[in-house]
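Each chain gets a letter, A, B, C, D and E, in the order it is written, and its residues are counted from 1.
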């Protein structure tokens, strides 16, 4: 029952906020997200060893049921969703946007979709939520953000929609193989019985949806534009949570479903991931727009995580799970900072920035720490995750495992290059003359402080004593 | 002490947290005090630890908590306390205390005073983690932590772009090394299943891992050391790192952090002993670095640059020691070098401080009278680094050179060449700074001796620079090598051939003579106090062999070009072009296809009939397979 | 006469009707060609009726005629309506709706 | 060669040539007349196959009523001349070729169907009015009733379409359009 | 049987009403009441058939009532009611003969009824004709508008042509099998005559459901026809014809090797032409015409599979597609400017309407939580069920084209929500109409969440 709350609270409050016109919608958002977070925390830390399961009859004629199951990674991702949403709402308390109630409503609906994706234990239900998360996102991204947003969002939508349609084809095929049942176990059994060649093409049918969502090189081109143009909250939901759907789906669905297909294609995926790491990092290195730096950095990090998933080692997959959480948290903080910086300098062009360490020392401190968390410096939680992934890569049975490890590891050098460049351009140096007249010298506001503080707390605690979080899924 | 060992890193951490969290409201004096006291407390604990250490046991491992436990990956957050780490603890906290003390004076007029001490404490904390760590993972935490602290402190004056560039450069170069470290560590984990020193080194020789693998692992680790300890080809960050406040240069870029690589290899001596080729490689890189850096130092005019290249060069010596198997020699030199190099930097700092930031030795001179304590201590340090008998540097350097000779005489002769150059540039520096005439712009009356808080550390270090060598007297003198004995349970020299006593005397004498000649040469060169514009080879040396330019041309620029290509062409036009191409294709197809609908029924009938025809033909002839 | 002859004859008529639809541009003539096609069907149907000895087929033909008559009523009125507007029955002249 | 064979060939020739006349004659009125002739020859075929009732109906309904309607409309519009400028010979050739090709395809397919029982034997009863009436009003009563619906809708439709409405003209008035079209022609 | 009679009688009633009632509004109200009664009669009939359990044969096997067919018919009538309730104002504005329009619609429902229950091919033929002839007229109902007349003429000429094809097909089928009753047809020993007949039928049905390459009349006719009627033609009529299409091809199962391949080709062409051409359109109405072609491509999967799932799928698709398209056409009939730009900023002016249209568009795109998703789902499931090896490629192609469809559907959302403008309405969207939109919205979502609601008796 507690699982249902995770979906119902955001869903109901999301619908409710379309009705509320006044400022109260903010309190509603905070209360709702707080409640969701508390539920997810309870689920994660109190019931951690029990597998929560819920099944409500739904389409019995079709063999689909409203089945939710929380255990391991599902619960961990639900926790991430709960935390990120709370941070999001609390730290953007003072933001002024037109049609705020709709904005918040759509965000909450997206949350419901995300929760559903992470908890669904029925293939059809999973697909439902997969799309449910996408649609409000489309409106969020199209309605609030930069000028270019509508086109960019449209591309994003079409791209991901195409992917999910491929998954739909795979889903129907499996459904028929499983004697018309969508139950996870039945689908799993049916998929495992497929012969190798079928698994090989089925793999791509399903994986392409996830790969676009992640996004994996070369399916990534929607992402930088989308991140650049969307409003910060949407960006956070997109990059901290939505892209995790792809990774999550690989863990929960793809890998167990098609072991032979995975084995057959993993070298291809690995090569793509490795290219993605280096390629995206290099691009991030020369971006002028601060948001695009984070966007490309995100591609590189996701590529590393995807790489870990296809290593077929326990350590890598554990690491990826942890790193998904870490990346979600860190990137949330980074996007918050990017929006603070943008508001301060009224531009996103790095070359017109500088001297933030003087203007807003607290923000700069957060920036530096989160930048280093993004780089994977020890004592931040990203280090633990990346370390485990690297270890997993090293332990894998591939002949070239050392080469993979070195190439993947080059990401840590490149990430330092672009993140430090960002920090230097933004925080250091002097305030450029041309922006001096209108730059706001004020430091971050209290809500932002709370949000970023929470991020920081998780970053550090997760980096020093990771078991606090890792016990949730181990 | 065992149960309280975690207090050693905890104090600096607390200092960091207090200064870091309350940086806005912290009174200036308190900040310095907190910072210094935190390190002092650690130093005292380190002393206690040192004295409680059982000289015969090989130390103990103290597990604080489970760090990473996931599946078969079990990494505890543990400390390994043994002779090696205890020694380093002493060096770090000891010199750290002195430098903190010195900083109170040196940084007294800086706005980022509190921040400075917070960073410095964080550095010490990381460094302590590095040496105390009970496994490679903890070492790596400290390893990267010191990198971070170094980055922050180099770019301490963040408004200056070239300073922050230097910090960035340092961090990124270190990161390249870190990748090597990481690969090495993970390979160890892969082959031996643990990275916990105690289990690892106890069983390593018996595991039967092929030598080629061991070489590879050792090589990977050495890449890490190259980055951190500024060896060829990753040394160029260190001279730039002098952008930071001078005490920082003293502490981080001379005395402690840069020796982390030596510590790591000494710690992994079991591994390196099993990896002969990697050892040779270490030695070659070491001696090459020593020579290259020394040659560059010959022609530098910035006081800190000279010291920086000197540091690189000395670090090369240490690696030479490690490479030829003289781990004790390496560690010994680390210690003595820490004393005299910290002293040199602090002295230089005092000079710079009192000359209002002037760093160019062409604008100095005749400071001996104005700053007597600084002068004397600086001279001691110069004598020590040049290897004048009686001073600490002499003993450690001699031990290294003898070991090198035992391995291969070429190492010795090259090392001797390096020592000669060292003596030359150090005394060139000394003479130009302290003797002759004052060539700067300041009024001479404005130049005065530093405050006590700055001179006391100088004096202490000067004393240490003199006596530090006596714990490692060569066997030749009939005395015990105390340091070797002390380290014996943990690290031992490896396969160093015996050198006949007479040969040893000869070598020692040779080096002393060469050094003395060089000092006089330096004296004569600097008599006029005028340094000519360099030309030809001199210019080449002055410009540091154009290494930075070469790196820029063959690595950085192509990388940037490539990135620009990826960003502008590959991503925008090719990959995204394909994606958008689909959209455009659909649009264009739509534009063509809609012309089919030309509005004329006659044509529609045609389309219809053709459709009928095609379907009939296909249906009646092509498909019937019933 | 074997039924094949009638099949061929009917198909020939049908094809002629179809060709007429394609060739002619006068709406009325086009419609007449369609009637020709219908009559081809009628002929075939009668032949089958004979072949199978089923009078239902002839009733079917009867209904085809009924439908044809209804279509003619509607069709001619549409043509008249169009003619009133554009004073022509040329089918290709009407192409305001396109693309 | 039996008599009925001669009649069959004769009628067939007439049918086909009249049908060709429909599509090839330039004057619409001629086409109509050719079509009526076709219907007559088809009625001859029906008689040959002992479908006397249908033969009569064909003449009365088709040739009599429907074609007269056609003729009437043609006269009404005064289209008794060639209204199709023969510009697109190619298109016409293509039309004929398509029709021919389709015919060939069908023939080629149906040639293989072996149905060689004779259909002209002069002995069947099925075409008699009595039989047809029995079938029509017993088995086919539903279609019979439905055809009334069809006629009703056709009736209503013809009325809706053909009646001149008294309505205020919209912006794109009929007059303007007809003028435009006059200009085009 | 009762609904059949009732529909015919109601048609006649409307004719008489139009003689006596002068107020247009009263006529449409009367018609709405009649629709409601018809729906009631349909439900009554359905309950009877459902209670009876098995299928009922009537008129010596000419028609067969099965629960499914009567249920489908009930849904068709319900959708007609939905249509007429919303579009009453639109219909009134088409021309003077409002009563006659309604009476024609009732006659079309007679045809639709026949198309879902026929067993005798003559009934099928009559059904097609009864449903077609009123369409020719309705297309030309707006006599002030030349486009309407043009549409009518085009539709009529091509429709008559296709009648010839249909008849040839039916005749050849009879020649091949020697019977008119579908149940009695035996295809176990096939010959080219029946095969040719089947292909002819495929072509003629393809024409009616606007499958490429027989689709070519569709855009012009839907574009030219009065918006109020185009909606009906594109939805209810099409759905019933599809039902007939699937039902007849189920009987041709033994020949499936041939016609499945042909339908596969037709599907590919239909999806390609429908979707791709729709992309370039500027007029929403014309876009909807192409969209209806595209959706036909999807519905053709039911024919392709021709099994029990396909029939269910057609029911579902009919509902999903019809509801959504009716909503779109309904709102479209209000718009002065029927291009995309005419919709700019509709969300500001009519937020609820814009929202309802958005859901309708999402349903057409096939997004989960809307009826359109399950509709497509059933289609693809049915397709996969055939087990033919090239089905996968067919399905993938269909999905690819579905992605293309996002472009033109979302363009409308884009216009309504993200563009600024002041849309001008010909006449206000009344509260009642909004309520009907809301009903449609709820239905789309309910079916989207729980499609079993349509099959509760099966």
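Assorted remarks:
Going forward, a residue touches a chain if its C-beta (ideal position, glycine included) is under 8 Å from a C-beta of that chain, and two chains touch if they have at least 3 such contacts.
Not measured: the values here are computed from a predicted model.
Chains that count as touching both chain A and chain E, per the definition above, are B. Number of steps on the shortest path from chain A to chain C, with steps defined by chain touch: 2.
The chain closest to the protein's centre is A, with centres computed as averages of CA atoms. Counting C-beta pairs in contact across C-D and across B-D shows that the higher total falls to C-D. Farthest chain from chain C, judged by C-alpha centroids: B. Of all chains, B has its CA centroid at the greatest distance from the CA centroid of chain E. For the pair chain C and chain E, the distance between C-alpha centroids works out to 26 Å. Centre-to-centre, using mean CA coordinates, chain A is 36 Å away from chain B.
Chain B and chain E have centres, each the mean of its CA atoms, that are 77 Å apart. Look at where the CA atoms of chain A average out and do the same for chain D: the two points lie 69 Å apart. Looking at chain A, residues 158 sit in touch with two or more other chains.
Looking at chain B, one finds that residues 583, 594, 597, 599, 601-602, 605-606, 609-610, 612, 616, 620 touch two or more other chains.
Residue positions 122, 126, 129, 133, 136-137, 140, 143, 146, 152-154, 157, 161, 172, 175, 192, 195-196, 219-220, 407 of chain E are each in touch with at least two other chains. Under the touch rule stated earlier, the contacting chain pairs are A-B, A-E, B-C, B-D, B-E, C-D, C-E, D-E. By the touch criterion stated above, chain D contacts chain E in their complex at residues 106, 109-110, 112-113, 115, 139-143, 146-147, 149-150, 152-154, 156-157, 159-161, 163, 165-167, 169-170, 172-174, 177. Those residues of chain A that touch chain B in the complex are listed here as 155, 158-159, 218, 220-222, 224, 279, 282-283, 285-287, 314-315, 318-319, 322, 355, 357-358, 368, 372, 377-379, 383-384, 387-388, 390-391, 393-395, 402, 405-406, 409-410, 412-413, 416-417, 420-421, 424, 427-430, 465-467, 470, 474. Those residues of chain E whose C-beta lies close enough to touch chain B in the complex are 153-154, 157-158, 161-162, 165, 190, 192, 195-196, 198-199, 202-203, 207, 212-214, 216-217, 219-220, 254-255, 257-259, 261-262, 265-266, 273, 276-281, 404, 407.
For chain A in complex with chain E, the touching residues are 58-62, 127-128, 130-132, 135, 139, 142-143, 150, 154, 157-158, 161-162, 165-166, 168-169, 172-173, 175-176, 201. Touching chain B in their complex are the following residues of chain D: 91, 94-95, 98-99, 101-102, 105-106, 108-109.
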